[in-house]
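Each of the two complexes below includes subunit A, the first together with subunit B, the second together with subunit C.
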Partner chain A sequence: MSVQEIVRPAAASNLVMEARNVTVRFPIEDAPEVTAVNNFSIQIKPGEFIGIMGEPGCGKSVAAQALLGLVRPPGYLASGEVLFQGHDLLKMDPEESRKLRGKDIGMIVQNPRYSLHPMYRVGQQIAKVYRAHNPVTKQEAWDHAIAMLRMVGINDPERRANAYAHELSSGMAQRVLIAIALSSKPKLLIADEPTSGLDVTIQAQFLDQMWENVRQTNAAVVLVTQDLGIVANYCDRVLIMHKGSVVEQADVHSFFRSPNHEYSRAILALQREETSEERNTREVKVDSTSKPLIKVDKLTKLFPIRRSESKVHAVDGASFEIRPGECLGLVGESGSGKTTAGRCLLRLVEPTSGDIFYRDLNLSKLTRDEFRKKRDKLQIVFQDPLDSLNPRWTVEQCLMEPLNLHSTMTAEQKRARMQELMQLVGIDPGQIHALPKEMSAGRQQRVSIARAIATNPDFIVLDEPTSALTPETTAEIIRLLMDLSRKLGIAYLFISHDLTTVKYICHRVVVMYLGQVVEVGTKDQVFNTPAHPYAKALLSSHLFPNVENRRVDRAVRETLQGEIPSPITERLPKGCYLYGRCPSQKDRCKAEKQELKTIGDGRQVRCWRVAEGDLPIEVAVGH
Partner chain B sequence: MTITPGPQVAATADASGVVVIPKRRRIDIWRKYKEEKLFAFGCTMVAIMLLLALCEILHLELGLPTRITPYDPNFATGNVSVPPPPLADWPGLLVDTIFNGAKPPHWFGTDNSGLDVFSRTIAAPRTDMTIALVAALVSMLLGTFVGLICGFYRNIATEVVMRISDLLQSFPVFITAMVLVALSGRQVWNIVLALAIVYAPIFVRLTRAEVMSQSVRGYVESARAVGNPEWKVAFRHVLPNSLIPSLIQVSSTIGFAILLTSGLSFVGAGVRPPTPEWGLMISLGAPQIILGEWWQSIFPGVAISLTVFSFAAVGHGLEEDYG
Partner chain C sequence: MLLRFVTRRLAVAIIQLIGISLFVFFMIRILPADPVARLVGLNATKEAYDLAAHNLGLDQPWGQQLLNYLGIYSNRPGDGVLQGDLGDSWVTSAPILEELVRFLPITLEFITYALLIAFLIAVPMAMAAATKPGKTADRVTFVWGLFAGAQPEFWWGLMFVFFFFFQFHEWGFPSAPAPLGRLNPMVSEPHTITGFILIDSLLAGNFRAFLDGAHHLMLPVFTLVFVVSGAIIKMLRQNMIRVLQSDYILYARSAGLPSRQVGFYAMRAAMAPAMTLVGIFYGFLLGGAVPIELIYSLGGIGEYSIRSILAFDYPAIQGTVLIIAMVSLLIYLVIDILHAAIDPRVTF
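Let's turn to the complex of A and B:
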């Protein structure tokens, strides 16, 4: 099934919008023009939820803007038309198309905080847009704004309508944006990465809301995203863009089952391999009885707040163990303290209290200088690959540094070792003199990994190593990490909010919430039968790219209420930290501090209801 | 010096021998030189001034035949002033002076002592450029080092250093320099030191601000994680990435230092006469303007303006691209 076959001229009457052969080019000084969007065609039916996917720079955002009738200079329209209600948006008078944009075509952009006007109340902003397109009085518009806020699921909309943008959380600001976009009941909604930067629980709340709202009004949605999970769980149809062209256009079920294009297969690699032989051969077998390599005991990190007695409880008595060769996943929302925990482990942040043992050595008792000498065995790979490499150093300099610091090799041996490292992580020898900014994000991350393994460490903290990467590169890096662990016997602490990769790579999983460990178990235990209510909610909110169990098809879409509280001494809940958000809470939870207790199947859970058998452990619906 | 193909000539010239520009950037500088007239003018003027200074220094210090002044700047060759003529002749004489005072062989005329103004104007860069260059360099080195320490280690001691630097900056530059020179004596090296001290706080501020913003970058944490001791993190990672603002600033500082050097000699707190020096020449020529002898002050004045402007143009050009 080729692209051409799908895009055949259809009766325009039952389509919301049709784009034909849209080509947008960007002239570049002293270089040939760049074709950002090449022959982009799409037909949108009422009520359809369409996903446009592709790596950064593939032209998906430019294409989405063209659907709005916008081509931003210096880019220009080389050919094509966008038909909406019988008009060509791209050739229309700008004033006319502006009227259509607010009324019949809604737009939701990335970064909700910046998109709201800081000096108007949010209710006014909704009312303003509504009045611009509908002949109503101020009072009617205001009432409509409140009704819209209620519709997008904001509690107490009368009060919230009077709030300013900075008074809202980012999740709530995003809802206000949907309210603005939907206020005139548009026939088409275009959302450009609306949830990037939001936590999974908030993302799920938001997308559920958007999905319900458009189903009510039978609007069509075009969602631009990089996230396979969003596509699998919400979209009906998906367009894959690669280097400006649509390489695949398919029904979401058939796309995930049998992707046609090579590029589609590459981005789906991790999901397709998950159960396959290939993954199993990569997996390291860990002896579960062996002595722990790293043992963390009651690790606590409090950050003082300026001019205040209270403190930020980043990590609150976390304990866990990592065995040699094991990959331990550390998951949780942002603000759960997982990154701080990883940094405390390597004393990049000094822990407030608690012990960290490396074999029998208590790392937290060493002086900074003694610990520095141990860094050859304990390494870290950071989240942002470009930021974590010195911008002025070449690959060679980056890789030689750990060798120069820790080894007693001769210059020739070091060079040989460097060649070996480059081969291990798959960097082309020709790139030895390249600067970080001259390489792709995936290459940069390979250099970071090579730097980390240079001195033969036993243990590496992987701090969200793939969150800045595209799905395709993520798959490559995850495979590389598993290969390295198998070949070199390295143990990992894999910190991530992306449960899909955690599920692929990890042996055991630690779930953190507000600085506390709430559940520790094997991967199968935590993913198949999560016990702690937070782990359950996290798994159910996470959008696994699995079309067999779509979130929108589920009868109950479990998620947490509200947002993660701020971890400041006096604002922390008195009893269980989840009290107030938990769907299974009881009165006892309000006042009783929870302890991490080992339950029947060997895992540890911080919830009295689970420990006392009051809350049954069920098979998760999440995936 | 290595063999310098086209692009590198441009890089060395505009950088006035100070700026170490990484290989990749030289091409950009060369392109900038070709495309931007103001920047190219600045670079050319700076190069000419450096050349003049170099020729004079080589001649005086090593006795090489590199003197390019048509007359010896320190020996009278022209007409010495004569007793004033009768009052009735003055108007005609004034006109005569204005139009005929500066003509070949003394293109820029001669001063009161009969010294050739042209020779003295082009001999002056030896003094002005040397003082300004060395002073700017010393203040950059000093300021960058202090700024690095103060930005990297944030504690009470470095806070005190910053307050001292603020204090120094709160006095007018000219007054501070004058006091320092008056206290230490009018030797060339004292002037250099005084200038270096008054301009150092700018570099301290600039470097400290950049160091503070670089210190929170990922690569700094990565350098710690790989096992670098703190001093290595500071000097090998943070410092090279924090130099750009200072390197850009140095060009305008040289310009200001030239202005200050001449200013000091104008008020009598700088180099001693009869050293060829622009400020001194203006100062000696100023009382003669009323007599129609405009050339004594105008030519060195124009030289100062051009040089300061050129350094500012170079600094501005670099700032646009790398600031």
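Let's turn to the complex of A and C:
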């Protein structure tokens, strides 16, 4: 299908949709009703890209569904109207609104693989939706399905049309959903967190594709998201929702420049602070010549596969150092081995080979019992705060445990230490008997942090400590971590896929791909002038919440081809692990194993072209 | 892929069958029963008793008995299981294989029809019940499930005979035939090919036998349908409700698929687990449809196995267990293949 065919004349009315005062309520047994969405109003112009942002439970998804006239039972639409081309969707009979859904209004949801029927071929599912709205034969619908798959950027659409949902990756399944949603050329596309759970490079591929497609069809988009980066890079306008109501509605540029509402300012806190004086006083100074606190040398972890000779190469010869008081960022996409590397460091997972030095002590040579005695100095904070706290333990019990295990304090001293810890991490002393589930995720994470610092550690592995949190709490936790590091001199290994927070808190950054370290450098080196092609693509794909350099405005949107191969012995590329996806590859890369080499400016890069000066290091376009 | 799966499953089935045979062989000999005394009577002389025991081969040690049964290093005339001979019944002296070939299809026939019909009834009923929970259709299926499933099948059989045969006859309505076997004695029985009376009569072109056979099958089949459909409907309805709340059904709705199409989407996903239930019923009913066989005097394999057990007819018990296990395993295999055909996520 060519571009000309897809373009439709602009709608006669200058609004695609207008919702007025939509209110959705959920009845709750023996309690007053919950108003999930309160007087929600929105006006959508053709071709407009609107973001709806807010924390989980603020009603943004419910509002998006209400725009389709749908509410998940037992909720109901209490009042309001949703005008689509002058007709109120909420008052139409079900068959009429059914005809609009999927034809004039397309929908994309999160969990793409669960949103496709598991037993029908994806091509059939696209064709069925197309046939539900267009008078075509089965064959025509099938051909259209293949054309749609090609349009959303799926290679070999004839073959993929015959696949089932479980045979697709999430990124691919999400493209199928967009093919379904756009199959009848809708005037409006509603996307409910379409990229949650996708990796950054895949997310960028997908959003670029969606952006291209709706630009071709001049459809308007309502994008529900929690991600400031997506809003900044793709949206024209943004609605901020808080506790069921729209609290701010603004053009993206003015929103990022001068947010009005208190809540907007809270979620933009990190971005707004970055250049301010406050940040400089917060940042910890590290002596780059000091002896490393932790030194990792050729760390390797292979997981055996049952009934098979081959292995999963989770970590493949990783080496890096961390100095006292330093925060080292470990970044990479899922499957890059960053979490396994962090766990191997503390021997929560036993490394297959390689050495880990803590000061002069080789941790990997210690017996389990000897190592256990060192654990008070080496701690970890996990991603999901609720999962990592015992659900039946109060704050007091959680904090007492490490003191009981690792200290010889008297009961009196322990109580004093606990008070001190709670004050350090900012938990109200009144919450000492609270259970994890009675606290917010941010508070839970504070308890986890307090528990980790209870024994005065030198070093903490932070395994995605903020990825389960809202933007607002993320900002708070990051500030807390920096304060603790400054006051107590703790070094961190900060594992995260969120480059925005890494950029804020870390001194140096390690980039991992397929279990290998591909680049190690200072924050400025890696973020401003990434050298390795993978680091470049990662940085370029990451959506920094910066409206001055929007991804959609860039001439070249650098990204990687395809998806990460699975790290199984025989599937790993022979030479450079990036071969096949790399935009700068040469024949030599195919067979030549790459080594981590130190280049002129002191950083280490695993790419012969960079090491030999064959690939110039430029200022990144990312931000 | 399929071929490899079937071969592997059949290989496993053979091992299972060997295990089951050995287990049954020794278990019935451990039981505190004296089949010889049962045959010759309690007042028999020692000589007569010993002679009978010798004739049955029960005077041999167990190991030799097993060899005789299997047909390797046998010290008695006649073949063993490995040569395809299950031995002769101690009660009727007829070859057991012959008897099983006669009785097994009777049971297979009526439970096959019953399960097929039950499934065909259950699908639309469960669909109607699940799409509008709490509404009329849902209530009807609920009551049906409780009412039909809660009472034993012999009771329903009795009721059916009383009403459809006796009362209808009294009232002068067209009634069901007397519950006395598979065919009216006046109708000539078709030559046995499959053992399924409806199929054999059609193959023989004997239309009279077909109609009469169907007439006689009617009540036993419907009794069984009545009893098992409750459970199948309940399971389908439960699956349907779960599926209807799934993300993909919600998405199908938001993509504007017509409700009929959404119904098909849900049904297909709900059906696979219910088919497993039908398979389990099948295996269970092979030996467990005795009450219905007895009430309608059909003389199926369930009835035969009960008779053999009461008579301590060792070879008959061993043969019946072996054959029922074999058929059950085959049916499970077929169900698994069908399951995989419906659900592409199931891999061999």
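One rule holds in what follows: the second predicted complex is superposed on the first by the 611 of 623 C-alpha atoms of A that agree within 3 Å, B and C clash if a C-alpha of one lies under 4 Å from a C-alpha of the other, contacts with A are read in each partner's own complex, and residues count from 1 in each chain.
Going forward, a contact is a pair of C-beta atoms (placed from the backbone, for glycine too) under 8 Å apart; a residue touches a chain by one contact, two chains touch by 3 or more.
Just so it is clear, the structure is predicted and the values come from calculations on it, not from any experiment.
Because the two structures share subunit A, they can be overlaid on it, and in that overlay subunit B and subunit C fit beside each other without clashing. When the two structures are aligned on the shared chain, A:70 is found in touch with subunit C, with no touch to subunit B.
By the touch criterion defined above, A:348 lies against subunit B but remains apart from subunit C after alignment on the C-alpha atoms of chain A. Touch criterion not met for A:311: it reaches neither subunit B nor subunit C. When the shared chain is aligned, subunit C comes close enough to touch A:132, but subunit B does not.
For the superposed model, the angle subtended at the Cα centre of subunit A by subunit B and subunit C works out to 40 degrees in steps of 10.
Of the two partner chains placed by superposition, only subunit C is touched by A:119; subunit B is not. When the two complexes are overlaid on their common chain A, residue A:166 makes contact with subunit C while staying clear of subunit B. When the shared chain is aligned, subunit C comes close enough to touch A:107, but subunit B does not.
In the superposed model, A:375 makes contact with subunit B only, not with subunit C. In the superposed model, A:99 lies in contact with subunit C only, and not with subunit B.
After superposing the two complexes on their shared chain, the closest approach between C-alpha atoms of subunit B and subunit C is 13 Å.
In the superposition on chain A, no subunit A position is in contact with subunit B in one complex as well as with subunit C in the other.
Across the complex, subunit A meets subunit C through its residues 65, 68, 70, 72, 98-103, 106-107, 109, 111, 114-120, 128-129, 132-133, 164, 166, 177, 180-181.
Note for the complex: subunit C touches subunit A at residues 246-248, 250-259, 261, 265, 268-269, 342-345. Across the complex, subunit B is touched by residues 346, 348, 369, 372-373, 375-376, 379-380, 382-384, 387-392, 401-402, 405-406, 435, 448, 451 of subunit A. The residues of subunit B lying in touch with subunit A in their complex are 22, 24, 217-219, 221-229, 237, 240-241.
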